[in-house]
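Have a look at the structure below, then the notes.
To keep things simple, chains are lettered A, B, C, D and E as they appear, and every chain counts its residues starting from 1.
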């Protein structure tokens, strides 16, 4: 890239702390990346307006990884070597995050992902070692999958389930895997496993097949855009049983796409609910709406929380160096964020519970809160 | 009827036509002869607007048509039978003919014209539903001629109409040209077969490397020793 | 007087020395920290893109086929090579070789039945192949499924990539500038005439396709061993389009053109990074504008050479042998 | 049997969408031999225009459809003038690359303009379900799309083969110079081709937007690709071929999902596609004429 | 024994019988002509001889071995080369590359030699280059060796096509309307050339032509085809005066 030298000077500016953003601003999950980055920016602006941290202003350099793992590595290298960031936020998907954490680790720069829920992001599956420099602001797939499996078995009294996953999404497949494990271990039976791809518009063929399998519930951990269409079409082909899902469902768009009627009798686990009766949540929703004119979804909330966590760590690091920030992150305890009071466990995952929400006439209705 | 004055044509940097002037009087056959690459085709293409000249003036029946779009020129009654036939290979013969009368909205006239063409070229009638691309070379040439006749042009430009035709057809084509002319169509004929061309033409021009080097009465040119040596094979 | 052979050898040694110098200087700069890892990464990307573009150019530019599934072969090479190092723990060279050979075998398997298709029909078949490969990878959990394969050791570095890029260009250059290359090109020019002149068109189409896939596989192997992780989505049809764009932009049938385009596009893409959402709009506009001004690509079918600058000596040099087509 | 029939209905209704997009694709290809990769994105723009008209302006269905078709027709002509006309005498591949450029431009330009957020259509065409033979479900929207697809196919076929402009289009597609000598205005004819093709894409966009109820700036990529596949499958440039190809692709996908594994739907669909092409190298309707030498 | 013997060769396209029961015997060093009205099936005969079309029935034998079913390139390797009615050069390549491509089957180095640039490669390339230049000289194209084929004037393109066919070292050369588009002067030169290469290369030549001065001037035996059937075989004089040929092809006042 051109103009490197100039930027390096700027980056070294003593009055700034540079934090990198490695988010999906284009490509197929651009909505998530944009929301998360917006959330983070919102908090950084607040901090700067209040005088910054360690007497320095925060500069948030947010680059586009095109929803592509290779590009994410490219972006991380650039952030670290060109922009001299002290930490990187992002990415929103596990796949893109996995694409660059090695680069960050090699350069000893901490990474805090807002919403990469796959366990492998913080723990290397080959060595079972915790990745020293990687943290996240969200709970992980096994937890979410398990929570939903329990809910299906206990609250909905389901005995059989069909899993319907987004075949291109590690997130979706991860949730499905843990749901399946937990569900079958406790005596449930998976009667079918089907898949779609995010570009799909028409799901009726598979749904017709699922209808023939006659399950008690359908577990469909995907993102709201597809899930909305799936639930809508499922009701059209005559599937009436509950649909269950995860945090990817969380968006006001879900009800718009599926239609309020069709969404009745569906449930999903989430980090938070914008309808939640919690002062922190309410304040966040207000601020976000005021700035971006939209109701924040959980991606935005988690982006905001990632920013909260990193600023907290910088504050406690004393000198704002990557190494100290990493150590401070490790020691994160009871930080008040939108999605709860957060502390990191030994695997660098926040200890927090999940809300289970039910969709009723297009509204998210708070059902239960499950603690880990 | 047609007047070309000092026309220059470039293909990129190549100066292909270096100031050609010629005249086609109403009711005559004028022929343009010359070696390969002399610029005959380029001249015809310039006249009917497929190529824009760099300078010079072309008038048709007194109207300046220099730089005018081809369809406009065709509308005025000037048609070309292009070199290499250029028939619409993936369309059947009859559609090729219909396209010849594209500008004519009168269905009855079109049908009559088509009948005339079929009478003139019975082979085309036999093959009227065959795709033009699978016709033999000669058949394609007939089709190209027939297609041009469909628009009943007042001035017909013919670019090497005898190329690839059997001797009997060459004679036939030439007699058709003559007949057309006698029926009132003015003709500008480009030919490799200089002898036959000059024998039916009123006037002739000899083109060499983008210039007219000789012009005159066709009969005189036929007798001219230079023409004999260069174009009539001794 | 030196024999033709000796003179050519002499020249080749000269070129080799220049290349070695380029490699050495940059290697020194990387090791010495003068070029930071970001620049190194972009150099690596440039190398991989050159391999991809030049190999696709053999198929699309020189042989006149229309393949838009190059990323599929790259995927085969990437996964093949990664499996060798991760699961079989064999050396990097073997991994690269296996990856490339697997891709080449796929090239033959795809090429034999489909190369009799023409133009856009072939395009669809190759695109389909790319999507089939991706679809299979997504569904095989052993190789990571949709989630991708991570934990690949970072074995590729500047040295590997530089010399393998040189090797690729050299092999394809030598191939193209030989009677086999001429046979390949004649198919592009006029298949019917080529066959009438005694050229086994099927053989040369499959050959071009196979060599092209082989090097795409090599690029895949290098990619996998530089970026730690590979994911099926990295090799989707958009990646194939990217490679195609490089080939066309550089000039179909110009190896140096592909090299220049691969370098230029990699740099453009990197420098647009800060424009976030705007970047692809700018990229798209650039693409359109360049094509409008140079529809035949930057180089057409010509090769870039110093001779272009000293035309005078051209007649003596190279002419006698008239090897390089389009020189 | 019942499930099979239901899957057939599913396949046909999915296929009719591919077919609808493929019609414009194949027509433009047939006339200018350009794989207009931007076609899928014009479809996307059409969907957004429909959204704009219905959700923002509150127009009813038909006027919204008309607006979208007209605006996209103009968009198509503008794209043709700016990006393709200058390349008319250039190698075909150059125009293909600009088509990719235009496609990216529309996708990401739109993203800047309307954000990547999904948009949902208001209920302009209330859904009605019909039950056939007991348990087979079919909705009025499916029927509308199917009917519109067939009607447009017939209309296009009529335009291209029976009308004067159609004849001009075909002449232009074979030989532009010779067409001019027939008195055909090549520029106008090609403009008209793009206008019609883009209007068709817009119609597809609005219908699909209403049918699936969710649109986004990248929604054109996959259907565009599938429509291209469908067009090739039927024999590119052949209008009934595009429709058949679309239906076939839809039915194959539905059957693979329904009877095989949905996981392998796309790979299997592509394998079938390649096999069809190997058996019929010029597509289902394409005549495999050997070039006459 | 005949070098090329064609027995009862027929082909139909759909319902159309383009060639039926075509018989021909060509001996070594023959110079034969194939004439007939447009659409008689002459080019189609060439296409069957060179493997472009598969005959519906009948047999083609070269030196007693059948050529039917072979691919065009295999037939070329057996020693049959042709030119095309509508010129098919490698347009965007240079004149000399056009010839070098035709030398391909006689190249003396392999794939490995090319990629590794073994000494054999240089020797082989040198040979190909020299032979191509020689041939260009014969066809008076050597001064244009570096031009793109498409930039040559028509007459030279025709000559180049013949030269290219010669580069495959054929025993039988098939020329499809070699004089089309040439003026009488050029046609005359072409006649000389055809006679000369036949003698020099000990070739058998079969040509299709509508220019009677050429056909009558060089051919020793002429086959006349009409509606896919042979209507006459004979020497130029016999053909010139054959009633049926005059009616179908030459026209009354045959010159």
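Some notes on this structure:
Everything below uses one rule, namely that a contact is a pair of C-beta atoms (placed from the backbone, for glycine too) under 8 Å apart; a residue touches a chain by one contact, two chains touch by 3 or more.
Note that the structure is a prediction, hence the values are computed from the model and not measured.
Steps from chain B to chain D, taking the shortest chain of touch contacts, total 1. Should one ask which of A-D and C-D has more C-beta pairs in contact, the pair is C-D. Farthest chain from chain C, judged by C-alpha centroids: B.
Taking the mean of the C-alpha atoms as each chain's centre, chain B and chain E sit 30 Å apart.
Note: centroid distance chain C to chain E, computed from Cα atoms, is 40 Å.
Chain centres here are Cα means. That of chain A falls 72 Å from that of chain E.
The set of chain A residues that touch two or more partner chains comprises 26, 30, 167.
The set of chain C residues touching two or more other chains comprises 139, 192, 277, 280. The set of chain E residues touching two or more other chains comprises 43, 52, 84-86, 88.
Interface residues of chain C facing chain D in the complex, by the touch rule stated above, are 60, 66, 113-114, 116-118, 120-121, 123-125, 127-129, 131-132, 135-136, 139, 192, 237, 241, 244-245, 248-249, 252, 277-278, 280-281, 283-288, 291-292, 295-297. By the touch criterion stated above, chain D contacts chain A in their complex at residues 3, 6-7, 10-11, 13-14, 17, 108, 111, 115-118, 120, 127, 129, 137, 139, 208, 212-214, 216, 218-219, 221-223, 253-255, 257-259, 261-263, 266.
Residues of chain B that touch chain D in their complex: 48-50, 69-71, 74-75, 79-80, 82, 86-91, 95, 98-100, 102-103, 131, 133-134, 147-148, 151.
By the touch criterion given at the top, residues 13, 35-40, 43, 85-86, 153-155, 177, 180-188, 210, 212-213, 248-251, 254 of chain E touch chain B in their complex.
On the chain A side of its complex with chain D, the touching residues are 26, 28, 30-31, 34, 167, 193-197, 199-202, 204-206, 208-209, 212, 224-225, 228-229, 232, 236-238, 253, 256-257, 259, 294.
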